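Input: structures, listed below.
Two complexes, one shared chain (subunit A), two partners (subunit B, subunit C).
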Partner chain A sequence: MHATLFYSFFKSLVGKDVVVELKNDLSICGTLHSVDQYLNIKLTDISVTDPEKYPHMLSVKNCFIRGSVVHYVQLPADEVDTQLLQDAARKEALQQKQ
Partner chain B sequence: MRTKPPLPPAPPPWSAALLPVPARAGPGAVSLAIAGGREARPGPGGPFPLRRSPGWLCGAARRGGPSIMTSALENYINRTVAVITSDGRMIVGTLKGFDQTINLILDESHERVFSSSQGVEQVVLGLYIVRGDNVAVIGEIDEETDSALDLGNIRAEPLNSVAH
Partner chain C sequence: MARDLSLSLQQTTNTVEESLDLIRLSLDERIYVKMRNDLELRGRLHAYDQHLNMILGDVEETVSTIEIDEGTYEEIYKSTKRNIPMLFVWGDGVILVAPPLRVG
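Now for the complex of A and B:
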């Protein structure tokens, strides 16, 4: 299993509220339930940020999002030490190169 | 003629709990985790110990690493799910099986076609296999909330595709 930095990062965020913005422009808000090595994301207690425009998920409470369709994951700023993350990412990129 | 497909001696770690499809499914059958398959299989004590825990999902962990949490679809098996595909379609059905690449087996499925001019149209599809590449979201449908929906009155633009 290669590049596990962000996998570990998301694991540390389990239980937090996040907004996942998908490549099809759908934004889903929910509690991060679990993540896997492909960065597939499971959210519980979801709500679509614009339910008028996207009523498609009205009867869905929990969902599984395939990692490949995620555009962004919006996180609460105080949950992340961005300096730490940047340094760690730099280190991992270096390791990957070798 | 064999009644069972041959079992390979050394399965790749991630496929340990994947069950070979029974012979009646034909030579083109794919090997997926199938709901109900466990009960259907005879148990000769063969090389595939059937276990509850998703060992095959923890591919790397089975090689002796620390246990890895997986974001599994196991909990959705036999439940009604809404699958949003990469081209923006919504297919509702009963999730019968899945695999590592998120290929899905959906039973009693129908497509919900949303339009801004008329209510939701439901097109019956039947038993479907959806290739994992095309899956975007799998939502667990809450039956109560869903039956309370008045689909005839919902107006919405169809979802976008994931490509630009």
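Now for the complex of A and C:
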């Protein structure tokens, strides 16, 4: 049984605004459009957040980001049900042991 | 037969058997995460998986750098901190996970 905890979690965040920080130090703010099993991310209406660390992406509206190049995703704290997450993580950890 | 018994026990066991189980004990607790590129995180662990992808709340990130003085060649240790309310961390950057280090 493949682990899908974070895939399910990100699916529940579709439509919310997030900031994706890449391993190359680029930070992209946008609306989460979709996610897949590899945690590849599609963002819409993007803008570059951190003024010091951006390439010129002024004309880019939507983008697909390969999951493996992501360092962090900053999430809206009030959209996250921490109790639910903790319970799901416990269940998945026990499942993974088998 | 002993193996069958232990397999059926495993399906309901809550014991700590492998290192990932130690992380399970830290759910909803504050933890310290050492990451690649001289990064450290301190935050409340809300979720994790076997890749060590994690969701942390109330996070403080510390970036450590060493600057070399051109004249004296002395090493100056600097650190930069920032706070993020809720953060998903990709597991491939994680080196270790521990209870928070207590200083002093």
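Quick note on the criterion: the second predicted complex is superposed on the first by the 93 of 98 C-alpha atoms of A that agree within 3 Å, B and C clash if a C-alpha of one lies under 4 Å from a C-alpha of the other, contacts with A are read in each partner's own complex, and residues count from 1 in each chain.
The rule is simple: a contact is a pair of C-beta atoms (placed from the backbone, for glycine too) under 8 Å apart; a residue touches a chain by one contact, two chains touch by 3 or more.
Because the structure is predicted, anything quoted here is derived from the model rather than measured.
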item	value
Fit or clash - subunit C, subunit B, common subunit A	fit
Touching partner for A:F64 - first (subunit B), second (subunit C), both, neither	first
Touching partner for A:F9 - first (subunit B), second (subunit C), both, neither	second
Partner chain(s) touched by A:A89 [first = subunit B, second = subunit C, both, neither]	second
Which of subunit B and subunit C A:Q98 touches, first, second, both or neither	second
Angular separation of subunit B and subunit C about subunit A, which is computed from CA centres of the superposed model and rounded to the nearest 10 °	120
Touching partner for A:V73 - first (subunit B), second (subunit C), both, neither	second
Minimum Cα separation, subunit C to subunit B, after superposition on A (Å)	5
Common ground on subunit A, meaning residues reached by subunit C in one complex and by subunit B in the other	23
Residues of subunit A that touch subunit C when the two form their complex	3, 5-6, 9, 23, 39, 67-68, 70-77, 80, 82, 85-86, 88-90, 92-94, 96-98
In the complex with subunit B, residue positions of subunit A that touch it	1, 11, 14, 22-26, 28, 33-37, 40-42, 46, 53-66, 69
Subunit A-touching residues of subunit C, taken from the complex the two chains share	10-11, 14, 17-18, 20-21, 23-24, 27-28, 44, 46-51, 53, 55, 57, 84-90, 92-93
Sites on subunit B touched by subunit A in the complex	57, 59-60, 68-73, 76, 82, 84, 86, 88, 90, 102, 112, 114, 132, 135-143, 145-146, 149, 154, 156-157, 159-164
